[in-house]
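Which chain is which? They are A, B, C, D, E, F, G and H, in the order written, and residues in each are numbered from 1.
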Amino acid sequence: MNENIIIAGSGGQGVLTLGLFLAQAGLKEGKKVTWLPSYGAEKRGGFSFCSVVISDEEIFSPLVAYPDTLLLFDQRAAEAYKNSVTEKTFVIENTSLIKNDVVLTGRKTLIPATDIATSMDFVKAANIVMAGAYFGATGKFLQTTGEQVMGEMLKGRNSHAFEKNLKAFSEGMKFIKNPALVAGVAFIKNLRLLKKKK
Amino acid sequence: MNENIIIAGSGGQGVLTLGLFLAQAGLKEGKKVTWLPSYGAEKRGGFSFCSVVISDEEIFSPLVAYPDTLLLFDQRAAEAYKNSVTEKTFVIENTSLIKNDVVLTGRKTLIPATDIATSMDFVKAANIVMAGAYFGATGKFLQTTGEQVMGEMLKGRNSHAFEKNLKAFSEGMKFIKNPALVAGVAFIKNLRLLKKKK
Amino acid sequence: MKEKVLYKRPVALSEKPFSYCPGCTHSTIHKLIAEIVDELGIREKTIGVAPVGCAVFAYDFWNFDVTEAAHGRAPVVATAIKRIMPEKVVFSYQGDGDLASIGMAEIIHTANRGENLTVIFINNTNYGMTGGQMAPTTLAKQVTTTSPLGRDVKTSGYPIRMSELLLPLQGVKYIERVKATDAISIIRTKKAIKKAFMNQITHVGFSFIEVLSNCPTNWKKDPVESNKWVDETMAEFFQIGKIKDIQ
Amino acid sequence: MKEKVLYKRPVALSEKPFSYCPGCTHSTIHKLIAEIVDELGIREKTIGVAPVGCAVFAYDFWNFDVTEAAHGRAPVVATAIKRIMPEKVVFSYQGDGDLASIGMAEIIHTANRGENLTVIFINNTNYGMTGGQMAPTTLAKQVTTTSPLGRDVKTSGYPIRMSELLLPLQGVKYIERVKATDAISIIRTKKAIKKAFMNQITHVGFSFIEVLSNCPTNWKKDPVESNKWVDETMAEFFQIGKIKDIQ
Amino acid sequence: MRKGKIKIDENRCKGCKLCIPECKVDEIRMSTKSNKYGYNIVEFRAANRCNACTLCAIVCPEAAIEVFELLEDDK
Amino acid sequence: MRKGKIKIDENRCKGCKLCIPECKVDEIRMSTKSNKYGYNIVEFRAANRCNACTLCAIVCPEAAIEVFELLEDDK
Amino acid sequence: MNGNGTVFIKGNHAIVEAALDAGCRFYAGYPITPQNEIPEYMSKRMPEEKGVFIQAESELISINMVFGAATTGARAMTTSSSPGMSLMQEGISYMAGAELPGVLVNVMRGGPGLGNISPSQSDYYQAVKPGHGDFHMITLAPSNLQEMYDYTFDAFDLADKYRNPVMILTDGLLGQMMESMDMKHDRKPLYPDAKKEWALTGAVGRKGQRIVSLLMDPGVLEAHNIKLGKKWKTMIENERKYELFNVNEETQYLIVAFGSMARISKGAMKLMKDLKIGLFRPITVWPYPYEELKKAAAGVKKVFVFEMNQGQMLDDVKIGLEGSKPVEFFGRAGGGVPMPEELCDFINKNK
Amino acid sequence: MNGNGTVFIKGNHAIVEAALDAGCRFYAGYPITPQNEIPEYMSKRMPEEKGVFIQAESELISINMVFGAATTGARAMTTSSSPGMSLMQEGISYMAGAELPGVLVNVMRGGPGLGNISPSQSDYYQAVKPGHGDFHMITLAPSNLQEMYDYTFDAFDLADKYRNPVMILTDGLLGQMMESMDMKHDRKPLYPDAKKEWALTGAVGRKGQRIVSLLMDPGVLEAHNIKLGKKWKTMIENERKYELFNVNEETQYLIVAFGSMARISKGAMKLMKDLKIGLFRPITVWPYPYEELKKAAAGVKKVFVFEMNQGQMLDDVKIGLEGSKPVEFFGRAGGGVPMPEELCDFINKNK
């Protein structure tokens, strides 16, 4: 296994935590892992992104240029990363904040993560919804691994928090596994893409 | 001509000014000259010394290790410089402040410069007395050169100052040129030296 | 119906949107400075010196000449500029980490020399840009990323009141501490900053305006709550008002 | 007749004669510190931090542990020592160039943190060691090697009164300005310095003693005249007395 | 009473909500819109109560609000 | 009155003259001597007026002066 | 976290844990990206270990506090990033002059000036040739988190061994990234109980002693410098450290790279298995392993020098090679971090 | 004084006169031996020329004032000695980053730390490899008073030509000594009237402009660094300066020395006329005239490197020679100044 992930969005969206979550999942399944945030603390509503590499072998470069999986949180992120997508890239887009489809290559899955989180009255969990989408869509890690990691990362917080997060996670998985829902979103979004491909 | 001079004493005795005086005399007579003070401003009653090189040719090293002429103002200076004296060195010692004769090599002339200056009620002019001694004893520069330089260095000061300095200068010359006086001082002082030499 | 414009974006601001966090006082003060520059008609002779701190990007937002000093050194950069071009209007703009921590010597000596400058001091009780560490202005017991248990005055000392500290220096002509938490206080603040600029133009001398400011992001409070905290907690220790005024 | 020793050279002084100029206040204060260390019996737990300035050689004269800080940084060197060994008696000894010019940030932050230290501040209105240049403490109109026409307060500012400057900092417990121009004032000075040491021993906190000092060499005055200038001219601007005292 | 209106530059508004309490006549509220930077922004109600007091503009950190006084044409 | 005497360490004295005015009984004066560093130093007159007040020692920057009280043997 | 001493940790946190394990009980530091996690984490961890944490008000204050702490014999550290390190140059020189141990960490970012906060190696020059005066400072350049931890620990031992400041030269990439590594909480510091006779701990039963760097008497400073020079020679003899990776008789090209760039170079080597490429990685960039480099390069056709700067270590490579091999340089500047593919391209074009 | 433009002058004063002649109208400096005569003399002379003299309260303040002055387009200078120069490293990097001209003079003294106040060349390292980040600074090393004056003047021209700080690297020997030299009051500065379009003089009829060194947008700092790198290449091409003295086909030994040490070496050569010794003197110690050195050494048996430090320029000699010649080093450390005789001895023993 050699999974190169980029997660991109804006400060406050939980981009780095999502990266950490995936990294921990990798570790839990016995992989080598590196996690690299966007450099330093850009506090002023700027970009936020991170590279996560999960591999069976020693990892040399923790920086990912052409990801195997790309998780995009918002429009700016999509603009910024559209060129890092290759034919082999699998893209997960948060359609709640990406209205204008600019990623024209790669395989793609769409999920209105922010809307899902908002509907749970837990807007901060959009990243966990994205995590669920990642687990559901790629199948690279066991769902139970994800749940275990979540438990560890929320250690010390009350059980309510844990359950809410778990819910967000499974909502993400559920959404992505429901072909109808995904297709519903993806159909419209990908029309242009399909046209181009032809 | 290649005259390497060291002047040594303590802060406040006019050691550096004496060096400058000799340097200017050299310049006035068309020589190349360098003047180098003790490094920096050691303000706290410390050593004061300077190297003056006067030469017909370009001067490379402004630092003098083995002087042709060594002017010593006080005991500490004598202690510090006794080892830089070679057979060819000509030493002028201020016996007012050098009670203990430690310079055992080289040719030597003794002058109670501070006493002479004090007797003129102008204790600060001990260095000018020493300058006179230098001019008188070495004959390396014209007396008139010395007087001219003095005039230039005191430019802007009142004529009284000039005359007092001139007086000190000529007292120094006079003393050194009077074999009786010099011998009188030198005789006692050099006894030990003479004994050693034998 | 005809429309009369009562408020519009000042000309001395560039088109670029502020990169500061929503509700941040930096934006408000940037805007006020631009308004004042417009009102005094000095855009062509104003030179700003930006700090190292969140406002390091100030040059992107003001449409007059701006340079950026090393961390803490803005007042001396401004001094050199003003000495060379005494007819220009020169100001430095600094955060509390910049001015009250690393730049303590620079601000004191500049103030003491009585340079005919204006200094705008944005006190938000922490190092905003680097992620909310404790600053010399952090309140007692305030939690920051480097005072996880709250500022302990026994080891870190009490917060420094810069305005009061500069008070005894004879070169200092005008000091006022203001805030910018609502329209009324913003109007007062503008008046103070304008006066500080005028002091420079009329050769009165060194003026210092301390603005009690928020940092919603690092305080982990929304802008409205942040401003409330400024009003209620911060302003209790850092008393608002004119501290010195010599004409 | 028997002889009873009423005054003798303190044990906390080394044998080495002071290298300071005749009549220099540095010597007097060095001696006083040694007397106090003797009297308090703390030679074995005193650690001094010497400055860069004429007193850079202090380590040669005190017979207790001494280190030498970079120019202006003595208070922070002392802080680290004291924090690691709170049971020791730690003081810094600094000139006005060292403390009030390059070391301004260090003294203010140390004072503000309220470090339990003693700072001895030798104010002789110039940079003695480097040859008498203007210092932040140089009096208005005073001629120095870098103010050949006398200090111009319009460009160089007024002299800084360090004791008053530190006054508002809450961490500071004791400030007194003294002089050492005759036996009486020396006795008073000794009392002040001793109190500053005692404050440290009894954990009262940061104490600051400013000693109006002479510099006969650079002032080009003999020691007696120098002290007279301290009494008459310097002490007029820098008022002698207790400035702060909190127990 | 004076009549006024405001114009909010949508792409400058960061939804900080500081303007809302400034408006004593409740002419500003959160909208459901996000701007191109993803900020949930405020909107002018245009409920005809605005008196052009400018307080909202004064408080707006982003200089995102313009205020107009509406003058009777015949004046 | 108390009787006293002082001892001046010749090689420590720098001839600064600060002690001279401190002695209210005029027991200290410039000497004609120079010490090994070339300083013209002061001397104790020993005119039997010293009262061991220690002021000269207190003022001496060089800690060059020691002060002794002279006690009657039988006391 | 992952049991058995293995933790998944951030580079900046690894430095803190190593320092504490090595017995560091004094830390003073000032915020600067990308090393803020060090003072932040320290502010929590140091008090737990009963040590002194001070948030200094500037980098000048940091380094001079470390100076003060070192005079007491305590193990002390400060950390910063590029502009902050520039401000410490005087203090570093003072520490070396006064022969004081201490550990300095530079988590480099892009320069010059304020630059940016991306990873960079552009302080190599200043690290290996710091401050004024004749002195040297051992400088270790880790290239993964295990080394961040291990070498920080080593740095304290080396500092005490030589009574000299020691620097960890790393960058925002290693400081910010997370990776697994083994914690060695039970590693024993060298000389943990060694009585530092020279330290200022109060003149109990002895004369006062001093720690100074001013030596004005003629000749004394020169003698001191010569002593420091000898110490430096011993460091050169004993402390040169480097890694050879894939260097053998068949190696045709040799990459020379340190720190982050070395690990990225390994990534490139992995992509180019058909070319016989070896890597020489100086671990002590000062003392530089000159002879070892020359030896490693002996059989190769060409030497490639890769740095995240415009060619600073290149000078040392030239000194080491003494003109024996052609050298090609590739660098990324101003915070640019290359991908392995870029290095492959460069090698292919210039081999 | 001696008519015809010839004056007998102190090195430190020569620097002041040169700066004023070159149109320097802003000086900020802080006292430190052995350069105190510069601020002292400046405090008198600068106001006479209607320029700004400020006694800065620290070296940090000096350099940052020079930064500020430079933003206005004014010619500005600061001076210091070794420890003070260490404190300026951040500021120098900022100036280079912001592309600001300015002249810095380092009158070196013994180090490390406070060291002493004797002449020394032990800041060579810091001078040629200053501050953080990728930047370079032309550094001129005069060896007599004429050059103190001439190169200080040149420094202002070079600074403006490249919008970069330029350093004069000299020492207490040259700063404190007096010697005769020709004053050239009527020499015209290059670009005296050139409009510095980039300067901040008020945004009259234009948009506001900026002088900064923070470049956060991805890639922008890298592009800026590459631009600075190109500028540096131009400096290397155009500004290398050196002196050959007694170097010809017959030369058997080559001395390499700069500044004071070069003149003392000439003194030694004079004493050893029977040996065929030449001198290679880098005048710009940065950019270092590597190729010229190699060429000069081509025919000699051995190269002697003499420095008033423990071998700092030696690195550059090695880079230049590329192992082509054996090298012997002699240095005096900690403020020691050799006599020509010592150099002769060393040559005789090691030739």
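Operating definition for what follows: contacts are C-beta pairs under 8 Å (C-beta built on N, C-alpha and C of every residue); 3 or more make two chains touch, one makes a residue touch a chain.
In this text, all values refer to a predicted model and were calculated from it rather than measured experimentally.
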- Query: What chains touch subunit B and also subunit D?
  - Reply: F, H
- Query: If you match contact pairs by residue number, which of C-H, D-G or C-G shares over half of them with D-H?
  - Reply: C-G
- Approximately how many whole Å separate the CA-defined centres of subunit C and subunit H? 39
- Note on the structure: subunit D and subunit E have mean C-alpha positions lying a whole-number Å distance apart equal to 61
- Query: For subunit E and subunit F, what's the span in angstrom between their mean Cα positions?
  - Reply: 87
- Message: On a C-alpha centroid basis, what's the spacing between subunit B and subunit H, in Å?
- Response: 36
- Query: Counting only residues that touch at least 2 other chains, which ones in subunit C make the list?
  - Reply: 20-22, 24, 52, 56, 68, 70, 101-102, 104-105, 109, 129-131, 136, 155-156
- Note: subunit E residues in touch with at least two other chains are 14, 37
- Note on the structure: So subunit A residues touching two or more other chains come to 41, 45
- Task: Mind listing the subunit G positions that touch subunit C in their complex?
- Result: 30-33, 36, 39-40, 43-44, 54-55, 57-59, 83, 113-114
- Item | subunit D residues within the subunit H interface of the complex | 52, 56, 68, 70-72, 97, 101-102, 104, 127, 129-131, 133-134, 136, 145-148, 155-156
- Query: Any idea which subunit B residues touch subunit F in the complex?
  - Reply: 10, 45, 74-76, 97
- Message: Can you tell me which positions in subunit C touch subunit H when the two form their complex?
- Response: 14, 43-47, 49-50, 52, 56-57, 59, 62-70, 73, 76-81, 83-85, 88, 105-106, 109
- Using the touch definition up top, name the residues of subunit C that touch subunit E in the complex. 1-10, 13, 17-18, 20-28, 31, 34, 182-183, 186-187, 216, 222-224, 227
